[in-house]
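Below: one structure in structure tokens.
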Amino acid sequence: MRFVDEFRDADKAHALSARIAALCEPGRQYKLMEVCGGHTHTIYKHGLEDYLPESITLVHGPGCPVCVIPMGRVDDAIHLASQPDVIMTSFGDMMRVPGSNGAFFDANARGTTIKMVYSPLDSLKIAKANPGKRVVFMAIGFETTAPSTAMTVLRARAQGIENFSVFCNHVTIIPAIKAILDSPDLRLDGFIGPGHVSTVIGCRPYEFIARSYGKPVVVAGFEPLDILQSIYMLMLQLREGRSEVENQYSRVVPWDGNPVALKAIGETMELRPYFEWRGLGFISHSALKMREAYADFDAELLFEVPGVRVADPKACQCGEVLKGVLKPWECKVFGTACTPETPIGTCMVSPEGACAAYYNYGRLNRQRVPEAISIELSRP
Amino acid sequence: MCLGIPGEVIEFLPEQPDLARVNVSGVRRVINVGLLSDEPPEPGEWVLIHVGFALSKIDEAEAAAALEFLEGIGQAYEDELAALRDSQIE
Amino acid sequence: MTQQLASTPPPRPRRVLPPGEREQQVLDRIERARRRRPKLREERITMSHGAGGKATHTLIEAIFLDAFRNPLLEPLEDAARLQVGGATVALTTDSFVVSPLFFPGGNIGDLAVNGTVNDLAVAGATPMYLSAGFILEEGFPVADLTRIAESMRDAAAAAGVAVVTGDTKVVEKGKADGCYINTAGVGAVAAGVDLGVANARPGDKILVSGPIGDHGVTIMLARGELDIEADVESDTASLADLVAGLLGAVPGVRALRDATRGGVATILNEVAKAADVGVLISENAIPVRDQVRGAAELLGIDPLYVACEGRLVAVVDGDQAAQALAALRAHPLGAQAAIIGEVTAEPVGLVTIKTTFGGTRIVDLLVGDPLPRIC
């Protein structure tokens, strides 16, 4: 597969790995956070930690839009799906996320119709094919996916479709990163920056991280070599005492983002004053809802939504895992009471949740490359 | 928010300027290219696909540059190791 | 300086570092938890219970094994081996609820015959007789039923079996999705044949008979919900001949399984758990068609978990792996057979994969169906 296979070449990985190890100052520990759940997934799926020296720890961040959905919103979605003549549609990632009374699969067992779709356009198709039904699309995702929801709503309006609406749970990435930066529990050295979010918002929004917090950021692609190269670029910045925003994923990410996408979001959606994030609490201006002009596509207005705030189960430590304060195996219920079969929290359910990734892929002894080879390698 | 796959644009659908057929490793899908309306892709160009939409064009020059850097790192590494081994002979 | 260089480690040295003590304690706790008998917590059946993964296994153990427990059932292999008169007979059953009924490469009828034939074949039995029970939906076109029956006739002929008994029921419109089929099969097991995943031992090699994931991807695309077109078709086929050829040429076959729902990954996990061994496979070695790979990447699912309907997984004595490969490749259905990995002593009960990238990770059982992901 073009643009994929070339970035999975193991030989180049070994070279990068040695370079990264050589950039580590003896005796110093490094903590780098990968924000995106997709990066967490790649790191575990390809065993990338095997290529890093022991002194570099990867901390998994909150960039998993499924993981940050509070249980109350899952309950709301199921409540919506239980209304007469409603077909709820949702991405596959959400189907097993537990609410207070089970997940979407369990709700279907009790009689709802919650269908899995690959694209919001599929949801619109279902609405067109079922004029007697009210089709709701559960919109989740960061700025990567919001444009697709926006375009679908615009298309629905243009085509005069009246039985389609959106239950909007889009969240924005910058407030989450800021919450991490301001968290007293965490001391990070740099960020592996979100890849596909950046195709929409560009690289400028991360500049405050470098300028005001002094941490380097490298916007990274999703293939293993992309991530290793980004780690290399971060380590180089740290070694050279720089803190800048760099774009490793330049083949896909334009520095200024995608103005058409931003316009579509701006046309149909606006920021909520605040929104609850699982584990991070209420964050202001961190999530999107439909604008008044598109109220006829807003499921929260068309249907009554209980909106009850449901506290996480006491045993659940997803919040700390999402902030990178706890490693998955440090959670008290990890692997025993909380497993992929019997998940307590979202980190274990979402395919890119840190706990799921570690449980499904990473539960192994680690083989690491040795510390910096004791020879000065000249830089390129 | 992350699953984006590169695909090659094959053709636009007649009468639907927003829709294009793409090829991913022999698999063909119709996707919406409306987000690239500022600079619509041409057949033969590659785009990044996410939930049925093209989010961005893949810049072949940048991809080539990225690969060149990776080759370079690999080569420089091999060169230095060779130099290392040679200097041992002394 | 020269002294240092002389003792410089080779270019890609690796050190095995144990996880920290606390992390190891957690990992141990998890392994203990995994060994405990799973409890069924749900009050209602969900789609996950039908996927062939963890949820299915839990359901079978908690409800069916509990209710029916007997030594012949316990191994939970694809077919049961029974003593009848003086002969060893294999008995198996399977139900087919696929939608759509007709898809590139075949239809529900082909699956119904080949699926049961294959379960017998991988038990080391020569498939002989099938039963066929039909549950038909009111309003189902007779022409479609005829097509299905004719496909079953042809598949049975190709597999060398006869359909000798059956049943027909009709249910009201809205049930049975058109047509459901159940088949049961019996076959004769030759003396001395004892195949079973519990036989696997360290040093054995693992083979697959061809590219994986064809059937599952074909069905997903045939449902038409995904707007994806690809030239893939179901690999449904009778493996009886292929198996006979393999068993004839290679005495050291420990176990055979046909990779159906849950895919190759599920079988490998069954081997690891039944035999208390580890399984290590190499991503590079696994045959996957380009289109299957492309579709799987598009959807964010892993071909290792996608159903096949005409592929077998063989666990073979390591010394005879090359012969086994040759025997498979000698048959048209095994032309792309490959050795994909081996059985190891450690880590017990776990399947691991060496990725194309060189790292290692676990291949666990999924809870339910592989769900397309966007993230």
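A few remarks follow.
The first chain written gets the first letter, and so on, giving A, B and C; residue counts start at 1 in each chain.
Convention: a residue touches a chain if its C-beta (ideal position, glycine included) is under 8 Å from a C-beta of that chain, and two chains touch if they have at least 3 such contacts.
Since this is a predicted model, take the numbers as computed values, not measurements.
Between A-B and B-C, more contacting C-beta pairs join the chains of A-B.
Of all chains, the one whose CA centroid is most distant from that of chain B is C. Chain C has its Cα centroid 32 Å from the Cα centroid of chain A.
The geometric centre of chain A is 22 Å away from that of chain B, both derived from CA atoms. With centres taken as mean Cα positions, chain C sits 34 Å from chain B. Contact with two or more other chains is made by residues 5, 8, 11, 226-227, 290, 293-294, 297, 300, 373-375 of chain C. Chain A has residues 1, 4, 14, 18, 37-38, 41, 65, 91, 118, 122, 141, 145, 352, 375 in contact with two or more other chains. Shared interface positions of chain B, defined as residues touching 2 or more other chains, are 1-3, 5, 24-25, 50-52, 84. Against chain B, in their complex, chain C makes its touches with residues 2, 5-6, 8, 11, 226-231, 290-291, 293-295, 297-298, 300, 373-375. Chain B contributes residues 1-6, 8, 24-25, 32, 34-38, 46, 48, 50-53, 55-56, 58-60, 62-63, 65-67, 69-74, 76-78, 80, 84 to its touches with chain A in the complex. Listed in rising order, the residues of chain B touching chain C in the complex are 1-3, 5, 24-30, 49-52, 81, 84, 87-88, 90. Residues 1-4, 6-7, 9, 11-12, 14-16, 18-19, 36-39, 41, 63, 65, 91, 118-122, 141-145, 147-148, 151, 194-197, 199-200, 222, 225, 229, 232, 248, 250-254, 258-261, 264, 352, 375, 377-378, 380 of chain A are the ones touching chain B in the complex. Considering their complex, residues 4-5, 8-9, 11-19, 22-23, 26-27, 29-30, 33, 38, 41-42, 44-48, 54-55, 58, 225-227, 290, 293-294, 297, 299-300, 347, 350, 352, 355-362, 364, 366-368, 371-375 of chain C touch chain A.
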